[in-house]
Every structure is written in structure tokens, then in C-alpha cells.
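The first chain written gets the first letter, and so on, giving A, B and C; residue counts start at 1 in each chain.
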Amino acid sequence: MALEAEPVRRDADRLRAKYHRRYLMGRFTLYLLAIIAAFCCAAPFLWGAITALKLNGDLYNPNNNPFLFNQPATMDHVLFLFQETPFLTFIWNTLWMGFLVVVITLVLGLPAAYALARLERPWSGPMAIGIFFVYLVPPSLLFLSMSRIVVWLNLQDSTWALVVVYPTFTIPVSVWLLFGFLRSIPKDIEQQAMVDGYSRLQAFVRVVIPIMFPGIVAVIVFAFTLAASEFLYALAFVSPTVEKPVSTGVPTVLIRGDVFFWQSLQAATFVVAVAIAFVFNLFLDRFVHGFTMGAVKG
Amino acid sequence: MAGTLEDDASQDAPPVSVRSSKRITLGDREGALAWLFLLPSVVYIVGLVAIPFFLAIGFAFSDVSAGDPSYDFAGLRNYRRAFADPVFWTSLRNTFVITVITMILVVVLGTILSNILVADFRGKWVVRFLVLLPWTTPVSLSSVTWLWLLDSIYSPIDWVMREVGLLGPDTLFGPTGNMYWLGKPGLATASVIMVQTWRLVPLAAVIIMAGLAAIPDDLDEAARVDGAGFWRRMFEITTPLIMPVVAVATLFAAIFTFTDMAVVYVLTRGGPTNSTQVLASWAYYKGIEGGDIAQGAAIALFLFPILLAAAVAILRSVRKVEVL
Amino acid sequence: MAVVEVRDLHKVYDGAQQAALGKINLATEEGEYLVLVGPSGCGKTTLLRTIAGLEQPTAGEVLIGGEVVNGLPPRARQIAMVFQSYALYPHKTVFGNIEFPLKASRIDRPERERKVRWAAELLGLTRLLDRRPRQLSGGERQRVALARALVRDPAVFLLDEPLSNLDAKLRTSARDELKRFQAEIGTTTVYVTHDQTEAMGLGDRIAVLSDGAVRQIGSPSEVYDHPADTFVATFIGSPPMNLVPSGDRLVGFRPEHLLPEEDVPGSDRVTVPFAVDRMENLSGDRHIYGTVTGIGEPTRVIARLPTTVTTPITVGESHAFAVAADRLRFFDTDPDSGRRAEPVRLEA
């Protein structure tokens, strides 16, 4: 078969220019799409930040440009949020509740993931799928009967109800993620530890957990995000204002009947959103890694 | 030497080194260890998921309410009442419509976004941060933000449309100066779809990113050397290989939309005229606000079989497509 | 005209201290099988990928078919490449894999099918066309990768260690098949490997690389018999060339040229006392380890005696060995070294 290199011979320079143009077009499109995506996702929050600082007269005027300060900016509503409402209480509730939920999730979920990934039992596979199927029984189905159980446990109207109930949806997904992370760690490391004299359990604690640490952190962040975001259970089980987490506290306190404290609402949203997203982003790569391992083999 | 340690737990030979030449500790018995590790999670989930689940089934066939908490078996009465109520059917239809359309949008936009997020460009960290905001923010709070953005009088979107001449007398979108995003039935449904899509696209993108990262580099390079340009690589190589992961992302998006009541509750409370009422919010309305627990349970229970069927279908298709 | 040529090619990775490739000049001859060989990190794969267009050079030019191809993506370079992992598309059949490059060339379906079948037949894959890669053995996958490369009718084949994923046993027969395949097709091939035996067996010419530079290019026998420096001398050949420090030079001789005195005919030779301390019997040859004195400093060397040499050797004793003078090579003692003229020394 003879050589057929004519296009390259004759038009190398034209080709070079053409590919360079294509490359530039590609980069341009990439940046354009990235900017559009970022804008669509973040615009409501950026706008919310502006709104939080607006005077009532500025805000409640449909003719005013909503993206500019037509009257001077004010910290009044932000201060109102922090000083005159239980906002800080809500944040505190979400924090300690989230913390405990994460602890419970890890204490129960990490060993479970290890058992499924390493201690090969015949029922490992079906068990893993079973855990996933728990997701198909959502809060919107369980909340009614769950409220009975909460009453029975004497936790009604207390943030503790959430601490007890939330792990039901954080554990399954955490087990799945941790399972994925574990599968990416070669078994030799623990086996080496066991040869060196450690038992399975000791090898797990002393050797595996430190290696998994970044993955564990990613799961912590994800579980916390889920707990902080949950709405239905919090709405159904916790009525007293001081017990509420941020997700139900802010809407109920800052929306009284027909009165909306919009600026404070936006300030609250902005603060919470940025804080969580910042931490989440720090661990995004680890999180993606875990999903890969979990997803590839169902 | 290491091989023996993997086998049947009770026959574990003590390791060669001096330390533990005594009896086998609990830490070595793998069968027992496996149970110990798994049992707490299983108990927790059985206790707090399975039991309420069966309880809910029980309620659905009872007459339990806030006023009369005693359990009396009521047969199919709740279901007959539910089926007779047109709002139930509206909710069912809305749930499907909203979920299916959201799913499609989320998968398409999520795939595009995930490709953007894996590419290399300046400011990538900033874009990633901004793009995650819809997903990581508590649902209720982001919905409240949208509540104002879609307000009947003050909506900034309307303002922009008025400024560019799309809204107002003699314009494309009608004589009024406002769109009434949440006030008109069709628009309200579209708004709910839009908010659901907005908050789930980042999640789908992150999941699909995982799939993209799993494709070996040399496959892409081989495709380049083989002469495939961007589009051919995208459609013939990349997309088929991420199908299982896309299915997982679809499943998550579907579950989160199907079972969600927060967005509807905050934005529209199900209105106007129940055009955005979904099963989850209708169950809440009946069960908690209306006090008729049995009725609420009956409605909510409808979610389960559909979810189950969808999950099984999607997982089956994942198995079929699995090649890597 | 050289099919592939590289001029003053220089490559430094971002943030790296050392250059991956430093000023390389290379040109292939038409239809030849050129092997790039060297230890890991020597830059051979970087060089191959730069020729392919998967890496961009920091400076210098790459020419394919006489045209400078810098700035052109791989698909415009008239190349085909076989990766170390073969990079077969797992979701496509063997047919689909081989057909894929043709789709990009806008050839219509019947013609594509004809070409795929032609390539498949050439590589003995006809009955495997409906299988998927995961159902194939290592050797079969390699053939599919070759068929896929062949079907584009490229100006040059680039192969990146395609045999390293095969079992040792399979490797020799695969090597044979590869060479026959290339001889039949006649396309210029650039082949990368870290295995010097493979390089010696396959190449029409070998380029030995180390630390981003080409140490020597030549035919296998040239590189073996007349190494340009001590790196080439010790890298090529197994066991490696013996090097004995002597004055301001290193004296080199191959193990097979260090023989018992009575087996080195002629007067133009150097005799050395060889204190034997170990002996291995490998595939009929005897590998003898010991210390020689008299050439220079006492040095541990290896002698390789073929079966035809039956002189009895006892471990623990000193024997009189000799090396023919024309087999001696001389290198200077500077770490990057070349050759020098030889002073002839005679041994008592």
C-alpha cells in the first residue's frame, strides 16, 4: 500500500492555521459555557447578596433596578438578622445537630462499608444493594409514621429528634461512598499489617482509616450538607422556634403570614450557601473519586 | 504467607511474629467482625426505616387522625376517598410531569456541565464553587430566594424583561408588566421544574464527572490519533462509556424530584389551583395540616412502588451497558 | 527522504528542573524499523508522543513526510499509534474498533467494510470480528490494535511498548509476528521499548537514549560491537560489557570474549589471571563470575562460555583467561564518555 500523504505535503500551513482556529474556537466556547453556567447557578445568590443590603424603599419599588443600589446600601437588615432573630440559634442548632449526625453516620457507616468491601461474605452483594434501596423509602413517605415514633421516643419538638432520624438517609449514601473509596485502596496494605502482627480490627483502625482519611472527610462534608438541607422532617417534628435548624427556622421566622423580611432572608441564604459551598468545594475531588468507585460496579 | 489470613476466620493462624501467640482475639474472627460492623447500621435502618414504612402501610388502611389517634382498621376507605378526589389525580400527574421533564433537563445539562468541569481552564476553582451553590444550599433557603425572583410584582426577571422590551403593553409576552411566574398555572409548573432543575444539575454534574474521570486517558488519545474530532469523540467514545454513571445521576435526580415537597411548599404551596401540587406536598397537606394521618399515609404510599419500579429499571439498564 | 525527522527537538515539562528531551536530532529511513530503547525516564516515550502530536515540543521541529507538522493535531499527521495498553474501545466490537479510524476519513460504508476485512485477514482476526475486547486474549488484542493502526494507511507506525503487557512466553512469538508484519507492510515504524533484547531483535536500527539524549544510533551489530560510550556498552547486551579501570581509561570487553587462554587463538591477545568464585549454568552457556587482575585494577567481571568451549573450570581457583586484542574497547573515565584510541598492552 503506497504512501498517501498529499494533504499534509501541500497544505501544511493552511492546515495549521485551520487547527489553530478550531482550537481557539473551542477554548472560547469553553469559557463562554463556563461563564454562562456559573452565572445561571450563582446569579440568584449574588443578587441575593445585593438585596440583603437594600433599603426598603429601594427594594419595594418595581421600577428600580434590582441589581444596583438606587438608594444607599444599609446593614440594617443584616444586623436585624443577626441581632433580632434567632438566626444564630438556628445556625448553632444546625451545627451541633449536623455534627452529631455526622458522627453517628461515620460510627455506623464506616465499619459497615469496611465489612462490605473487605470481609467478603456471601450476603455482601445483596446487602449493599439493600442499603441503596433504603433511598426509595423517602421522608415524604415516612414522615407521618415517623412522627409517631418520634413521639414514642419522647423527642417531639426537640432538635434531638433530627439527630436520631437524619442518619436514616445519611448512612446509606455514606456507606456507598465509603465502599467506593475502600475499593480503590489495595488490600496488600492491611494484609501487610496483619502479617506484622495486627488483628483485622487493629489493621482497620491503624492502617486503613488513616489512608481513607480524605475520603472520610468528603463523606463528612456531604453528609453534613444533606443534614443541613433537610426540610420535611424538621418542619414536621420541630415546632418550638429555638429548637429549629436553619432550614426551617429561617423561613418560618422571617415569613410571618404575608410579611416577608426579604433582605434578612437573602442575607441568611447568602451566608449559609457560601459557607457550605466553600467547604464542599474543597473536597470535591475526593468526593468524585468515591463516586467513581461506587458507581462502576453498581 | 498473607494468603492464609483472608480465609475462613476461625482457622486464622496467629501471625509469625512474636507478639500475639496467644488465643485468637475477636479482632481476628472475620465472620463475627463482619456482623459486628454491619449490625448497628442494619438495626438503625430497620428500626427507623422499615418500621415506619410498615407503620405507614398500616396507617394507610386505618382511620388514624390527629383528632382520633386510635388505630381502627378501615380497609380501602382511604384509597377510595383519595381516588375520588380530583386533586389526587392532579397531584399524581403533576408529580410525573415535573419529574420527567426535570430528569431530562438535568441529564442533558448535567452532562454538558460535567464536561466543562473536567476541562482545564483559568478560574476553574471559582466556576466550580459557583456552580455548586444550588446543590449545597438548603432547599428551603434557595427556594425562598427564588420566591422573590419569581414574585408577581417585584421579580427582577420581570424587570429585566421590561427593560429590554419583552414585557409591558404591546410586547411579546403580553400586555401586563409582570409574568406572574407563580400565579399562572402553566407558568407555575414550569417555575417548579426550573427550580428543581437548577438545584439538581450540579449534583448530576458531579456524579457524571466521576464517570468521565474513570475513562482511561489513552482511550481519548487513541481516538485523537485515529482521526476523530471533538464531536465524534464525544458521541462515539465518551458518551457511551459514561452511560452507567449517567443512569445513576438520572436515578438520583428522579428520586430527589419525585419525593421532594420543599420546593413546592415554599414556592407555591401547591397552587395556583393545585397546578403544582405533587404527591409529597399533597400528603403533607392532608396529613399534617389537615390532620388526617391515614389519608396522608395512603397518598404518600403511592410514591413507593413507582420509585421502586423506576430504580429497578434504571439499575437493570446500567448492568446491560456496563463494559469497562 | 526521511519519513520521520526530528530537528533540534527540545522538551521541558512545566515546573520540571531537567529537560525531558534535550536537542534531539533523528531521521528515519524509508521503510525502516527504528527502535528507541533506554531505561525508564530516558525520554523515549516522550519522544514518540511528541512525534505523534500528543505532546508539544518546547523547541525544535518534527517533520513527517518532509513537512513540518508542529502545530498539527495527531489526526493531521498521517500517523497511526499502538499504545502500551492497546487502548481498544471496550464498547465496540473488534470490527467497530478497526473501522473507527475510517469513519473519520469519510469513506463510505462498503469501502470501509472492505478495508476492515482486509486488515483483519492480514492479522488473522477474521473470526473474531464480532467479539468485544474483553473477550480477547492479550495477543489477540495486540493484533486488533495493529489492525486498527494499519487500516488508516499511515506514513509511519508508532508503537509504545506494545509487548510489555504480554506474558514472557508470548512475547517472543509476538515479536516474531510483529517483525514479519512490518516487513510485509513496509511502512516505516518507530518502536519504543525498555527491553534491549527486544530492541536488538526487532530493529533495523536502534537509537539508545538516556536522560533525554540520543547516545547512539546504528544497526544492532554496530551498537553492540562498537558502543559509543559506556552507557551504551553496559545497557546493550546481557550480561553487560565488562569495564575495567586502567590508568585513565576504562577497558571494556564483552563476556563472550573473555575465554580460557587456550580458546583464544592467535598472538594478538591479552592474557589475564581470572579468579573464579561463582558459576551459573544458563541455557547451556556457562556464566562465570570472578575477579581479573592484570588489565588494570582488580575488577569483578563475568565471562560467558558457550557450550562449544569445554575447558573445565573450577570454582575457587584462578585460571588463565584471555581476550583478543581487537575485542577490547576503550572509554574515558568521565561519566559521559566516548571512545579513545587504544594503547596495546601485553601481558606476561
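Note that in this section a contact is a pair of C-beta atoms (placed from the backbone, for glycine too) under 8 Å apart; a residue touches a chain by one contact, two chains touch by 3 or more.
Just so it is clear, the model here is predicted, and its values are computed rather than measured.
The touch graph of these protein chains is complete, with an edge between every pair of chains.
The most distant chain from chain B is C, comparing centres defined as mean Cα coordinates. With centres taken as mean Cα positions, chain B sits 13 Å from chain A.
In terms of their C-alpha centroids, the spacing between chain A and chain C amounts to 52 Å.
One inter-chain figure worth recording: chain B and chain C are separated by 55 Å, centre to centre, where each centre is the mean of the chain's CA atoms.
Multi-chain contact residues of chain C, defined as those touching 2 or more other chains: 73. For chain B, residues that reach two or more other chains under the stated contact definition are 324. Against chain B, in their complex, chain A makes its touches with residues 26-27, 30-31, 33-35, 37-42, 44-45, 47-48, 51, 59-60, 62, 65-67, 107-109, 111-112, 114-116, 119, 121, 127, 131, 133-146, 148-149, 164-165, 167-168, 171-172, 175, 188, 191-192, 194-197, 199-202, 225, 228-232, 235-236, 246-248, 250-251, 255, 260, 262, 265-266, 268-269, 272-274, 276-278, 280-281, 284, 287-292, 295-298. Within the complex formed with chain A, the residues of chain B that make contact are 1-2, 5-6, 15-20, 25-28, 30-31, 33-34, 36-38, 40-42, 44-45, 48-49, 51-53, 55-56, 58-59, 112-113, 116, 119, 121, 123, 125-134, 136-142, 144-146, 148-149, 153-154, 156, 158-159, 177, 198, 201-202, 206-207, 209-211, 213-214, 230, 244-245, 248, 255, 258-262, 265-266, 279-280, 283-284, 287-288, 293, 296-297, 300-301, 303-304, 307-308, 311, 315, 318-319, 322, 324. Looking at the complex, you find that chain A touches chain C at residues 1, 3-5, 7-9, 12, 15-16, 19-20. The touching residues of chain C, when paired with chain A in their complex, are 64-73, 76-78, 153, 155, 185, 187.
Those residues of chain C whose C-beta lies close enough to touch chain B in the complex are 52-54, 73-75, 79-81, 83-85, 87, 89-91, 100-101, 103-105, 132, 134, 148, 152.
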